[in-house]
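Listed after this line are the structures, all set down as structure tokens.
Both complexes shown next keep subunit A, but they swap its partner, so subunit B is in the first and subunit C is in the second.
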Partner chain A sequence: MNKKFKFRLTRRAFAYPYMIFLLLFVVVPLVIILINAFLDDNSKFTFANFAEFFTDAGGGLTVLGNSLIIGLVTTVICLAIGYPCAYFLAKYHASNRVFVLMFILPMWVNFLIRTLSTKAIFMAMDVDLGMGTVLFGMVYNYLPYMILPLHTTLVSIDHSYIEAAEDLGADKLNVFLKTVLPLSVPGIVSGITMTFIPAISTFAISEILSSSKIFLFGDAINMHFSKTTNSFGVGSVMSLVMLVLVIVANVIVNLTSKDEEVSSVL
Partner chain B sequence: MKKIASLLFVILLVCFAAALLSACDVSEKDSLVIYNWADYIFDEDLEDFKDYYKQVTGKDIDITYVTFDTNETMLTRLTKGDSNVDVVCPSEYAIQKLIEMDMLIPMYYFDEQRYTDAFSSNVNLDLYEHNSDNVEEGIIEKVSDTFGQIEITAQGDNQGKKVSMVDYFVPYMYGTLGILYNKYAFDELGIYDEQILNDSNWGILFNDDGNGNLLHEGLTGNILMKDSIRDSYAATVFYLLESGRLDGLTDENGVLYTEMSVGELINAVDDGLLEVVKDALTEQKKQLFGYEVDFGKDDLLMGNAIVDLAWSGDAMYAVEESWSDEYDDYELSYYVPHSTGNIWFDGWVVPKTHNPAHFDAIKLFINYLNIPVSAAQNLLEIGYSSAVKADVLRNDTDAMEVLAEGYEYDIDDPDSMQEFEMYFFENSYLDENGEIVCYDEISDSNWRYPFASAANHNDDFRNIDSLGVMRDFGDKNKAVVTAWNYSRSAGVNALPLLGWTALAVAIAVGIVVLVYIIKRKN
Partner chain C sequence: MDDKIIEIKNVCKSYSDKPVVKNISLSIRRGEFVTLLGPSGCGKTTTLRMIAGFEQPTSGTILFNGEDITTLPPHKRNINTVFQKYALFPHLNVFGNIAFGLKMKTIPDGEPKTDKNGKTVQKMRHLNKAEINDKVNAALKMVDLEDYGHRAVNSLSGGQQQRVAIARALVNEPQVLLLDEPLGALDLKMRKDMQLELMQMHKQLGITFVYVTHDQEEALTMSDTIVVMKDGEIQQIGNPTKVYDEPANAFVADFIGESNILSGTMVKDFCVEISGHRFECVDKGFKFNEPIDVIIRPEDIKIVETDDKNCLVEADVLSCVFKGDHYQVTALTYGDERNEIVIHDNVEVNAGDKIGLYIKPFDFHIMHKSRLINELEGEIWEENVVQMCDGKFPCVSSLEEGTKVRVKVDFDDVELTDDEEDGTIGATIISSIYKGSYWQYIVRTDTYYDFFVDNDYEWSIGDRVGIKIAPDKILLEEVRDEQEV
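And then the complex of A and B:
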């Protein structure tokens, strides 16, 4: 009997269930999506699904473009609100967890319930549902994901760097621009990925907060899989495109943040 | 090595025990696996059916009840092989698909001899009563007219064989596609008028008065459309026909769309028509509050929107919820625009993969659903119209008791019962002078029972011929999905948003740089 096949209860054995889980629920589904992307209705090999998506026959590219823009804008707004938030939390309430908790608290409520309530509030205020409300919902939902990594990074900055900068004669603006900001880049990058990637694939928020009028990439994929029986192919192609975007985003993240400590959570 | 062996042994033992347990389960009791729409039966535990089964066969039965929420999910599950189910309740076009794929067995429910002959010999038939006569003939006729002979296309022994859908299914529920609207909101806009709404027809959903003009600007942003390809397609085709936008257009064979019957028109899915539908749907977006599947009823009840494309059962639920003390009336109402409309059916079928040991249970279950009381319970619970004839229900005391109780009418008071019967089966009531009045001047007297002859004496009675049944789109399916996706994605442009954000970021960075430069200079 070959030595390799011997079963030993080593520490490594505890990783097997996880490996099996990964294989079954991550790798196998991805392979199925990949295969589906090349199959037509009669399970024959075809490139037609790619052709349909990339010629924009069903408006797929338009939707992708809109999704990317909305994701980007959401991220920018989240960063613009989240950074000052995280900064002041870290600066003045570093020891007070209650304030941080206040920002995480909404995350404990199911996001569907939150989004439905947001819609109810908008309706009560007679606000027309549309792009603005969708954007509001996205920012509201993803803001904690921006604040948390930023807060973690900012809190962990060694205060002596700031003191050193002050000792060397830097004013407040310079201290911020030359020490705090560069040191918090890993947090920014991680916050951006945690906001941007879910934001481009969301569908429930746009569905609820625009009454399905704003049709995003996530909605389109959802439509191909749940409302039809024979367009899994195009849906798979769109999922693959999404996957490529996620990978690209991660590569960019890894390139920009060499810092091992707080790199992307994804 | 020993460890592997012992591990395998344990696994084997567990498997064996599990197999033994499940085997025991089957051998002791009869069982049945039902695959139905969610919320589509009176009691998912089916206690009454269990009693009936015991009464007829003397045996207990175990029921596994599984649900689906769209025909597409159901079809995917059945066709991809995950299918240990005995009876399924798809819609007519899904049944057509399943027959084409040769996945169903014929039951011949409407041929009593053939149906009962198929019972295995160990079932005593003395207590069995065949209920096929209770089923509305109109449905059978309509289905035969629409689907004719369906050709089995799947490879195998039956390929090329032509069969009739009626042999394969037993109707369960049916309903119409129509317009659910807030009549008081319409009144406020000044468009709650039979003439105006009849002229506008399906154009209400497109805010079109029937002549290409805006029906009312107050409707803009208050219209809901169904997030469902087939239903939206049907409504759009009807609108195009009624508004004259199909005049002079012909299909691939040169037949004028305007010359077709309603049934032919909604099933004539060709590229030319699809293009017009796509344009109409894209144009419609400006008028919409949005698309809905689940929240439409709520949006109407809360006043977020005032008109919606709806199915009759959903609509009935919404209407009954919409009682307003202020008006002392139901705020919402439902009707099918005159001259054109869509009617659909759901029915029970038996997939080939059913468990042969469950055959008796399958047959008894399907027959059980056509007992008037059971039909009354189900239609009360679900809200759609039961395939059991209205007259059969009216003449069955038990069924009427169930219905009257459900609607809180007094079963012992003949006046109350007459009032209920008029309300329920004819959608009308007697005014002070004893005249029959429809509940709502726009509505049909027979939208709940389009086949019923009972409402014939009423002027608002409409002809069942004006309602068409939709077949499966067949090889046009993909084109329809693409067109629908196209119109759904159109009309949203995020580019200005990007511009504004870029501008804001530029300004912010500019200010920081400016401050920095000024500070440095100082």
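And then the complex of A and C:
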């Protein structure tokens, strides 16, 4: 009679382990964070956590603003350095993967180790740790994520478009501005996504490379959940804000890339 | 008549020492429709790309209106190209694609002025929006796509993209339009329509067209002049009638239209002998008993009764296929050697019938053979072994080791083997021509020597084969080093 659920080994069954994993380690924690955001120290329902964050009582909003600015600056610098790199890699060494590898290689070393060694180098050079060093660390960390998608896009641009532009009277500069650049927009968009979103939520880098002087959003969340402060409520609110930011960023990126498709389909 | 717009002089092009275009000279008259015709890999596209400026010749010069443009970059040439796969910019709509060239262009602004140093200065300006609009719309109208300006190029059909590509090139009012197999991607019906349209545009605009194709029918239909190319060399330049009726050599005859290519000898002026039969022809000036190639077009052979007074030779019908406007008859002629020939005629015959054939004297196209014997340089490796083309061939010789020799091998003494390993050296078939009773192949060794081979079996172009030669068929002749003497 209890035949409501009968386990059958179909192909679908192979997805169950991951579904369970997803439920346990993604959905449940998110729900816990959501609940936490509305609880005070005595586990009573409250809006105080939101009030505390959005009135900037603990400096949370300021930190968020700083993070966004640093994220933005990092992305811009990465794009400014990464695009020419990717362009020349694609142009002169399209077949030579070794050169590309040299730019990707840093990704193979654990980022904490990389950051700590960067700090050691700066200290040895007597450089004051502060905003400059943090930005350097961020750019150094996220540059490969900018170059890789750009390179992939630039390499795949059909050479006949460039010849067609030359044929129609475009000199080198115009070939670049009127064909290569517009055709590499998808690469630019995905490069920005892969740099900006991790950059606004990063922690360790700012902490290590500024000797904890510069405090970013990721650091703030980290602090709220650490044992000493034990203010899970505010930390949860900040996590939610972060989540919303990531979603918004993704939506914007999707919209721009969809615009690309739309304009080429219309 | 002598108004040459493009002159190509002794142009060679090699890619990492591999020659693609070998010493080509060609002049193109203003307003002409010239077609570069040849099989793939014959260097026709490379030639076109050198005219456009995408490739630079390894040596030689290209003149445009009498000026040397050999090293001029493409954007400074008043030449536009329609690319094989159109290369329409995917990020621009149809209007944007066509306007691209116009936006790059600068035109003289006002009258030339004299500046304070006494030099004449011409102010230049870009075209304004209205001018670009007018020109683009006129171009769209010319290719029948008036309402398509706002459309994305990816949403167009192949034929429409083709038209946009043509409009994009022509809107710049180039002096020469280059077309690189532009109709290759279209279906047959569309291709025929576009052929006619292109011809019409050519007539209306009076621009010089240089057209690249491997389709001989397309070339015959559209061109004023056909340049037949093979292996980086020009085989023949002429108008379609001439190239079709008087092919310069067996390759051109085989490539353009269907043809029967037979071996024969010129016994005297106006008389050719094929397989023991003598025929009257209109050619003269050949050496006595010179071996020649005879080309006869299938439609020039008439089927007659065997007892007809016009009957020149008798043949057995092998097959007869209805082709719409004619019957294609394959027949085996009688003679010392029986030749298989193809006939296009309006008479229906049956397989096994005995028929007579009549050919008018001027329909025998006689041409010199490009080579009578394979002749190459070699060196004696050891007793009874000669080295040539990086292979060691057994031979009959008592010459000393290291002697330089000239080697001669007859076409039918070169044996081909299916398996490359079975031959003394490996080689690739690069040309095959059916000669009535056997195939004549040109087989290229890895050292780039071309063997001519007569063989009864069929191989395809591109096949790898082995080359074997019987020891007693290798004729050796010592080469004396004249400098030493």
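We adopt the following convention: the second predicted complex is superposed on the first by the 244 of 266 C-alpha atoms of A that agree within 3 Å, B and C clash if a C-alpha of one lies under 4 Å from a C-alpha of the other, contacts with A are read in each partner's own complex, and residues count from 1 in each chain.
The criterion applied here is as follows: contacts are C-beta pairs under 8 Å (C-beta built on N, C-alpha and C of every residue); 3 or more make two chains touch, one makes a residue touch a chain.
Everything quoted here is computed from the prediction, not taken from an experiment.
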After the superposition on A, what does A:S226 contact: first (subunit B), second (subunit C), both or neither? first
So, A:A57: does it touch subunit B (first), subunit C (second), both, or neither?
first
Larger residue footprint on subunit A, choosing between subunit B and subunit C, goes to B
Let me test your reading of the model: by the given contact rule, A:E166 touches which partner, first (subunit B), second (subunit C), both or neither?
second
(request) Determine, under the contact definition given at the top, whether A:S212 touches first (subunit B), second (subunit C), both, or neither. (result) first
So the subunit A residues that subunit B and subunit C both touch are 171
The residues of subunit A that touch subunit B in their complex are 1, 6-7, 41, 52, 57-60, 62-63, 65-66, 69-70, 72-73, 76-77, 80, 123, 128-129, 131, 135, 171, 173, 177, 208, 210-215, 219-220, 223-224, 226-231
Listed in rising order, the residues of subunit B that touch subunit A in the complex are 1, 3-4, 7, 70, 72-73, 75-76, 79, 221, 224, 227-229, 285, 288-292, 295, 299, 302, 304, 477-478, 481-483, 485-490, 492-495, 497-498, 501, 504-505, 508, 515-516, 519
Given the complex, residues on subunit C that touch subunit A span 52-54, 73-75, 79-81, 83, 85, 87-91, 93, 100-101, 104-105, 150-155, 168-169, 172
So, in the complex, the side of subunit A touching subunit C is made of residues 158, 160-161, 163-171, 174, 178-179, 182-183, 185, 263-266
